[in-house]
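Below you'll find a set of structures to go through.
Common to both upcoming complexes is chain A, partnered first by chain B, then by chain C.
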Partner chain A sequence: MLSKAQLEELILGAGLVVELESPIPTDREFSDLGLDSLDVYNIFVEVEVQTSIEIPDSEIANLNTIDNLHAYLAAQDS
Partner chain B sequence: MTAGYAWRPYRDGDARAINDLYTKITGTTRSESEFEWQWLSAPGGNGGIWLIETAGTDAPKLVGHHGVMPVRFSNGESDLLFGKTENTMVLPDHRNRLLYPRFERRFANAYEPRFDALFSTFGDASAIRLRKAMGYDFSSTWVQLQIPTSRRADYGLLLAVLLRRLGLAAGRRRDASAVDHAVRRRTNPLPLRSLDDDAAPRDAFFDRFWAEHRRNFRLTPRRDKDDLNWRFWTNPYVSYVTLVSDALSNEQGYAIVRVNGESAVVEDIVPGPATAGSFARLLDSVLSWLSANSVNWANVSTTSDSCTNDDIASGLRQRQSLARRLRNRTPAARYMPRKLTASGKDKNLDCHDWYVTPIVFEGR
Partner chain C sequence: MIGIKSIATFVPDGAIDNIAQGERFGESADFIRNKIGARRLARKGDDQDTSDLVRAAVVRLTEQEGLAAEDIDALIVVTQNPDESGLPHTAAVAHAKLGLGQDVAAFDVSLGCSGYVYGLSILKGLMDETGLRNGVLVTADPYSKVIDPGDRVTSLLFGDAASATWLCEDAVWDIGKPLLATDGTGGDHLMVANGLLKMNGRQVFNFAALRVPPQIQAALEREGLEPTDVDLYCIHQGSAAIVDAIARRFPVVKDRFVLDMDGTGNTVSSTVPLLLASRLNDPGLQRILISGFGVGLSWATSIISKRT
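Moving on, here comes the complex of A and B:
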């Protein structure tokens, strides 16, 4: 299970076009942070690789913040 | 609230919904017959058309589209099939809710095996980033040359040079020798026959020209009669003038131009044999023809590929240098990304050895 800190580290290392500074506000939407769909796609790829959890398309719209993504992963892990 | 999105390939009856989406995204209308021409009538076969729809609702709504148009290429005597990505679009309201790159990965996995290479002709910054992530090469750009066809235009430039040198107009100093060159050139043009879109498909020249000369070209779109007929002569958007040079037995060629008042776009130009001299003479003859028909400027486009049929590239570079010096401007970077598929790699194709013209556009 990834902690929020690990999730943030993973996002910072996902090769994003925007340079995010740590700490990333965990309740701000990715689009508000300046991330485009390719950035978000890269984050999800990294998350799926790291956790072996496949995120269905139907969940994508809801997983738009670090908080939401972390909560989703925690639910899948429990 | 949608439960998510689903994707599927095109089915008969989708054209109207796709055109509606196209209009919402681009502001441009497209009829069903225009859709059919672009996506279902090309000599390379039907286009690969992929739709993204809302899922979990009674009536799925089309919110995204991605297509790949089959373009027949050749490498010497070898036939190839390339795919041009086209009409990638997602409704703005859904861009933050669906992860489009994930869908394009799926589409590409489905269509890549059909093609030897993929390419795009244009894209905004986000599309460029996406295609880079998909493995496309971005080292080639389109180069557009604007060349004066007539002495009147040349003298207009000469006047502009003089005005600038006298400090009467803003701008940097130009190279007068380039203007001299422009004024002295084109002393012996080849005779050209001009054909309209009805006559060109019936002209016997196109039954044999490409078959006789394709072996001298490396990676380039095929120019069999079927290819030209689809792209130009049955194009629903544009009427063209086809100029044929076949008076000499050892030096022939053709150009297809779109005339817009005092300027023209050379949308394809192919000399046979593929040498710098033949290319330069054909281009100069086309410029003379345009000049004689009251066209003062010609736009000629190709890509920056370094080894575009070396001889032709040499001929183009001469004109490119001239045009750039005359216009004193650097063309804006407009990428032509491309990617070899597994099939293209197996055939040892060179990703940078292409001779392309606006034949790979649709003329809109």
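Moving on, here comes the complex of A and C:
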């Protein structure tokens, strides 16, 4: 199970072009942080590589903050 | 042994300003430059059909590379957007337009972005089996024929182009054995329905980012190579973001992954030969990995090596 800190580290290593503030506000939507759709795709790829958890298309709209993504991964892991 | 002698390309003069198009879809110039990777999308003329692109690429090959048209004895066209409905096959239509003789094997191969890697082996295998001496592998898959101009996902990506690769005994580059893969269960992520291209961008991105790196790694290991043993990685130019997502899995050689689609866009099976055409004569290159991936889902990787 990834901690929020590990999730933040994973996001910073996802090849993003924008510079994110550190620590990343975990409750702000990715779009408000300046991330575009391809940045978010990259984050989900990194999540799948690290956790082997596949995120279905139907969940993408809801997983729009680090908090939401962390909660989703925790639920899948439990 | 049959190998690659040379490559000619044809990029139509017409183009779409992708920065302006992006603005219409609410995308920034930075997004178009850094994520899509193409400020210009090449477009064939309304009066040009697929066979005309084929013809133009083959004519370039004969004029620039010294292949006499009468010496061509095999013509393979990789396309999924043929002339008319594909009957007759575009290779035959182009055969007529080129005025080739009757002792020519000509057929189409229905593959998308993996088609060039597949096609090299198909043509090489055919020539090895039959003794044909001068084969031409053409890629020409103008997606402008099926793009919905109102669809943001596909409109910003694809361009039209063609390439013609000359295979013969007196070659410069040897073609390695490819790794070939298919996942037909993902076919609906990139398909034509009711005459228009539909793409699930996220699933196609996932496919490329997750399936292609292991195949590249396997291709290296099969040849007993380290990533640094390959001078250049010419992978399908799906988008800048896709190239980066794959290159990131190979941090030691990330800078050897070529990104060069700014003036054309994603030209489907033509992206890899477009990269190769301007680089095959670089004396500093001895080994190039090529990889194509996309519609099918289909992916293919091989390594070409300069003859010593």
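Heads up, the rule we're going with is that the second predicted complex is superposed on the first by the 78 of 78 C-alpha atoms of A that agree within 3 Å, B and C clash if a C-alpha of one lies under 4 Å from a C-alpha of the other, contacts with A are read in each partner's own complex, and residues count from 1 in each chain.
Everything that follows uses one rule, which is that contacts are C-beta pairs under 8 Å (C-beta built on N, C-alpha and C of every residue); 3 or more make two chains touch, one makes a residue touch a chain.
For clarity, every value in this text was computed on a predicted model and none was experimentally measured.
Now for A:Glu48: first (chain B), second (chain C), both, or neither, which partner does it touch?
After superposition on chain A, A:Glu48 lies in contact with chain C alone.
Quick check for you: in the superposed arrangement, does A:Pro56 touch first (chain B), second (chain C), both or neither?
first
Applying the document's definition of touch, where does A:Asn64 land relative to chain B and chain C: first, second, both, or neither?
In the superposition, A:Asn64 touches chain B alone.
Quick check on the superposed pair: does A:Ser31 touch chain B, chain C, both, or neither? Answer first, second, both or neither.
first
Once the structures are superposed on A, label A:Ser22 by its partner contacts, choosing first (chain B), second (chain C), both or neither.
A:Ser22 contacts neither chain B nor chain C.
Looking only at contacts as defined up top, I'd like to know whether chain B or chain C touches more of chain A.
Chain A has more residues touched by B than by the other partner.
Should A:Ser78 be classified as contacting the first partner (chain B), the second (chain C), both, or neither?
Neither partner.
Is there a shared patch on chain A that both chain B and chain C touch, and which residues make it up?
On chain A, the residues that contact chain B in one structure and chain C in the other are 17, 36-38, 41-42, 44, 57, 60.
For chain A, which residues count as touching chain B in their complex?
17, 29, 31, 36-38, 40-42, 44, 56-61, 64
Per the contact definition, I'd like the list of chain C residues that touch chain A in the complex.
30-31, 34-35, 200-203, 205-206, 209-210, 239, 241, 244-245, 248
Taking the touch rule as given, give the residues of chain B at its contact with chain A in the complex, in rising order.
Spelled out, the residues of chain B in touch with chain A are 2-6, 55-56, 95-102, 126, 129-130, 133.
Which of the residues in chain A come into contact with chain C in the complex?
15, 17, 36-38, 41-42, 44-45, 48-49, 57, 60
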